[in-house]
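Next up: some structures, all given as structure tokens.
In what follows, chain A forms one complex with chain B and a second complex with chain C.
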Partner chain A sequence: MRRRLSHLATHLTVALCALITVIPYLWLLSTSLKYKTEVFTPTPQWIPWPINLGNYAEVFDRAPFGLFLINTLIVVTGILAVQMVTVTLAAYVFARRQFRGADILFLLFLVQMMIPIHATFLPNFLTLRSLDLLNTRVAMMLPFFASGYGTFLLRQAFRQIPRDLEDAAVIDGCGGLRFLWHVLIPLAKPTLVAFGLISLVSHWNDYLWPLIVTDTPDVRTLTIGLGMFVQQESGADWTLLMAATVFVTAPLLVIFLVFQRKFIESFMFTGLKG
Partner chain B sequence: MRWKWGMLWTAVAAILAVAVVHAGAQAPSKLIRLTFYYPVGVAGPLAKVIGEMTDKFNKDNPGIEVVPVYSGDYDPTLQKVQTSVMAGNPPDIFIVEISELPTLLAMNAIIPLDDYVKKAERGKYWEDFFPAFRENSTLRGKIWWIPFQRSTPVFYWNKELFKKAGLDPEKPPQTWAELKEMAKKLTVREGNEVKQWGVTVSGGWNDWLFEAFVRQNGSWLINPEGTKVNFDSKEAVEALAFWVDLMHKEKVGPPHSTWGSTPPDFVAQRTAMLYHSTGILTFLRSSAKFDFGVAFMPKSKTFGAEVGGGNLAIARKISKERQDAAWKFIEWMTSSENAAHWSMASGYVATRASAYTVPAFKEFLAKDARYLVARDQLQYASGKMMAPNFQKIREILKKQLDDAVDGKVAPKEAMVTVQKQVETVIKR
Partner chain C sequence: MADSTAVVTPARLPAWAVALAATGRFRFRGGGAYLYLLPSLVFLAIFTYYPMGFSAYLSLFRWNVLTPDPVFVGVANYLSLWREPLLWLVLRNNLFYALGSIPTTMALALFLAVLVNQKLGAARSVYRVALFYPTMIPMVAAAMLWVWIFNPGIGLFNYYTGFLGMPRLEWLYDRHWALPAIIIMSIWKNFGYFMLIYLAALQGIPAELYEAASLEGAGAWARFRRITFPLLAPTSLFVFVVAIISSFQVFDQVFVMTQGGPADQTNVLVFYIYQHAFRFWDIGMGAALTTVFICLLLVLIAVVFRSVGRRVYYEAD
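And then the complex of A and B:
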């Protein structure tokens, strides 16, 4: 009986947390379906009536959001793919190899995390300009191909994997890269997944850098389209902003829902067994 | 061996032919392609409007192609312009917020436009702009940029709530004293909770509104050259004391709000009166279910306001030929007809007197005279304060304004602090 009660309490708490998380999204959805005159009523109106689907049509009329979505997908997956390679290789070296200056080099990687992104805008802009890459999708990806944060995260994960495993592998004649591929990466999967999520979401949300290095709609991303509905002088166009936000956040939600089970699994079956 | 030479000659001939054809195709019309960075400051499909306007210009002006580039809000636009200028790759034409003129000059980013302005419209071009809008264009005796998307703060009131409170719905407050009395009557409380504020002085750009109050009280904050500051004047302290009265002592107005949240508050009838930009009029018209009016901001010693918005500039580090083409575009964008068209599409104030004689605009204004209030108030308006490092100055002022309306510091003390801190910023 007591166990049941505590179960109930856990479930209630979890349900409450879920509700708190979901409420803003429901409000977003509700506002995106309203007419302008229905948004700001003295008492909040949760169910939009009459329903107005016109906001979505108008959002797509204002800017090529389909194209923006494709560009965003290319940019975030491009960054993630290259990061996975650079980050695992760098983390492997820092975690498992001894060489002169390793500590100082690693410190430099950490320092990179502390430099505010804005300070790097001009030098990065100049580099891209000399490479003639301004106003391309590559321009939005290139500065993020390496990641100090990812390297740090993964190095810590690699270090926690017992030496015994490496010794066993070496005795069996397994080389460095093979060991990385067959042992370290599978065991560090939760960290890789976590880092992947962070990278995906943060670059999905990038605004200022894409805005600065791109000029034309054919390469621009979703956030720039979203920015068109937020105005400094007059405040936002709420119904349109919410409709656009639904469209911008929906792909991330879908990705998460589809892979949800995988994510959780990868967190559960880890560590050294037996 | 012979066929090899033959092949070679054929190849050379082919390359030459291609080169000739290529050159031939380019020679007759040398196209000047100009980049134009613009921010979108008010709600509405303005990116589309700008696109349509540039398309029209390009069609009418063969040899020039203006490529409009949406560059976010004012702050991101400035950042994009600065980055490009520092990289030696400036946009040919751009719009940024008017207070940034000293910043642009410090970067040596733009050229003076006096020679162009003098010749435009047979010398009658510049005089036609409203004097208040011209003010933020001139510095050190030169004209640097042309008013384009311009606004000014005005006063909005909810006629229905006036009726409910037993006030004449057609009579907005004329003076600060009347404002305070009406705000008291219009504030509705339930216990300790305020259900409806009397008046909201919008936050976020409250530094901008504060400047208007100081103007109404007969003073100024920074001189046009950006060399002298006057934050601790008796008039400025009084203006802040009036704010403290409204928001802290009488509690008839919210001490904190954001620029974007107060128009929705007005629409939801959570505030009966509102200080905000003329740029929200179109939003209010499309969102409010009740009748509301637009009026001059109430006066203290005089009616007073200042202007805001963005101007059009031409980059320095481009060829003379490109600058000439850029001017042609700016002159076209700011013609009477286009100023009127832009005002109708955006809700900004048309920048020139003659725009108000354009038939289509006259017709538009006949339907809703509320759009004329901002123009009429311009006779009492002045330029917005500007100085190098303006963002820093804004922060200093906003901090003290917020602390004062919270009752954390006395008005006098707050303004003395602003004076001291801004002086060091300007001297730097």
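And then the complex of A and C:
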């Protein structure tokens, strides 16, 4: 009986916390479906009635959110594609080869995790300005092409693959890059997927760097578009702002809900290894 | 004709080029390792290491709207920073943000991880999704949403805390409550990720330990205090380090919610650098601040690698 009760108490506590966490997003959805005048109520009206889908159409009329979405997709996939190459190559030699300076070089990779773009954005901005790359999609990707974090994760994964396998492969004439491509990468797939998801999520959410290197709507990403939209609509039209916010958050959230197990495993797993 | 020149050319190469080619080939065979690292190293060099030196160099110049051509001024920028009361306010705000958000986030993450790790059946995955989803939301969007929630007149926050007997506050417009509001929002955004990290670590603790403790008559609290908490120490250190480093990076929330205001009460280091560089166009001062920031981070890294890093590794092995 006591056990039953404590079980129930656990459920109630977690459910309450989960509810409190979800409330802000429900409120966001609710507000985005209201008419402008309906938000000014003394008590919160949770169910929008009548439902107004017009806010979403209006958001699209006022700012090119479709274009922002495409730009975001280009930037995050571009970063990921290059990272996959740089990270696997580097992780491979750190895991498998002995060479002079390996420790120091690995340290150089690790330090990158702790010197984020938030610390170096000013000199990097000046570098891109002198390369004449400002206001391009490439500018938003360049600083993230190397990833100390990804290299670290993948090195751990490669290390767990038995050495005998490589010896055998080399004897069969499958060394170096071919071994990496045909053996190591397939075996380390869970780690690659995990790193890929984390990279996608974190760059989808980037704000400071794209804010600095872009100044026209045609290259801007969703997050920057939302920030600009807020300034542009400073009249505090909450229904419109919330509809824009839903549009910016929805793509990733929908994917997350569909593949929630994979996402949660990935984020758990990388924390553990990190 | 073209063919024959192509064949002859290598022999005509100057001696240094032949030597270079030879060493290159030697490296290829012996330690082609460097070649594999090259793509990463190029980007690390340009976008992580060069900026450190570059900003240190620029910080020695006066370079702003009034002085469009850089003038060497030595450490003058640092001296004026030192005398600038706003810098100290900014650093205090960063400290306040770290103190306000990190312990609460960690406690909440640990508490919920322990609860979610119980046998909760099918509901468990629903709980995990509900508690973790804020991680998936861009900080800018989350900040926007919370500006609405913190609205003094018709915001949800004032409405529901009113039930708990709390006074109505102006939140983002109040110089004492703006930073706490940002902290509340950041806790909501971040605790789910740390909860997952704790959950992963909890699953690594053998169940026999708990069974044995239960047989000895240890209650839930004793089991937590004697088994869970000590065995999670390496994870807690990891979470703590990650949380500290990311607390220095706080920017998006401030940019959207307060723009550093009111009266600079929410101005933080990254926003302060941003202001100098992109609002006042004072590159020299911005570079000096960047250098200060990087030095702060380097000191932090040294501490992490020396003490915490080692301990985490030893305990984890």
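Everything below uses one rule, namely that the second predicted complex is superposed on the first by the 201 of 274 C-alpha atoms of A that agree within 3 Å, B and C clash if a C-alpha of one lies under 4 Å from a C-alpha of the other, contacts with A are read in each partner's own complex, and residues count from 1 in each chain.
Just so it is clear, a contact is a pair of C-beta atoms (placed from the backbone, for glycine too) under 8 Å apart; a residue touches a chain by one contact, two chains touch by 3 or more.
What you see is a predicted model, and the numbers here were worked out from it, not measured in a lab.
Of the two partner chains placed by superposition, chain B and chain C are both touched by A:230. In the superposition on chain A, A:46 makes contact with neither chain B nor chain C. Looking at the shared chain after the overlay, A:129 reaches chain B, while chain C stays out of its contact range.
Of the two partner chains placed around the shared chain by superposition, chain B and chain C are both touched by A:208. When chain B and chain C are set side by side, the one touching more residues of chain A is C. Using the contact criterion defined above for the overlaid structures, shared-chain residue A:90 touches chain C, although it does not reach chain B. When the two complexes are overlaid on their common chain A, residue A:63 makes contact with chain B while staying clear of chain C. Contacts of A:22 after superposition: chain C is touched, whereas chain B is not reached. Comparing the two interfaces of chain A, the one with chain B and the one with chain C have residues 39-42, 121-122, 125-126, 207-208, 211-212, 227, 230, 238 in common. Considering their complex, residues 31-34, 36-37, 39-44, 46-52, 54-55, 58, 112, 115-116, 118, 120, 123, 125-141, 144-146, 148-149, 151, 154, 156, 159, 188, 192-193, 196-197, 199-201, 204, 220, 238, 242, 245, 248-249, 251-252, 255-256, 270, 273-274, 277-278, 283, 286-287, 290, 293-294, 297-298, 300-301, 304 of chain C touch chain A. By the touch criterion given at the top, residues 35, 39-45, 47-48, 67, 69-76, 79-80, 83-84, 86-87, 89, 151, 259-265, 267-270, 277, 279-280, 283, 286-289, 308-309, 347 of chain B touch chain A in their complex. Within the complex, the chain A residues that touch chain C are 6-7, 10-11, 13-15, 17-19, 21-25, 27-28, 31, 39-44, 85-87, 89-90, 92-93, 97, 99-100, 102, 105, 108-109, 111-112, 114-127, 142-143, 145-148, 151, 176, 201, 204-205, 207-208, 211-212, 222-223, 226-227, 230, 238, 241-242, 245, 248-249, 252-253, 256-257, 260-261, 263-264, 267-269, 271-272, 274. Interface residues of chain A facing chain B in the complex, by the touch rule stated above, are 36-37, 39-42, 61-63, 121-122, 125-126, 129, 134, 207-208, 211-212, 215-216, 224, 227-238.
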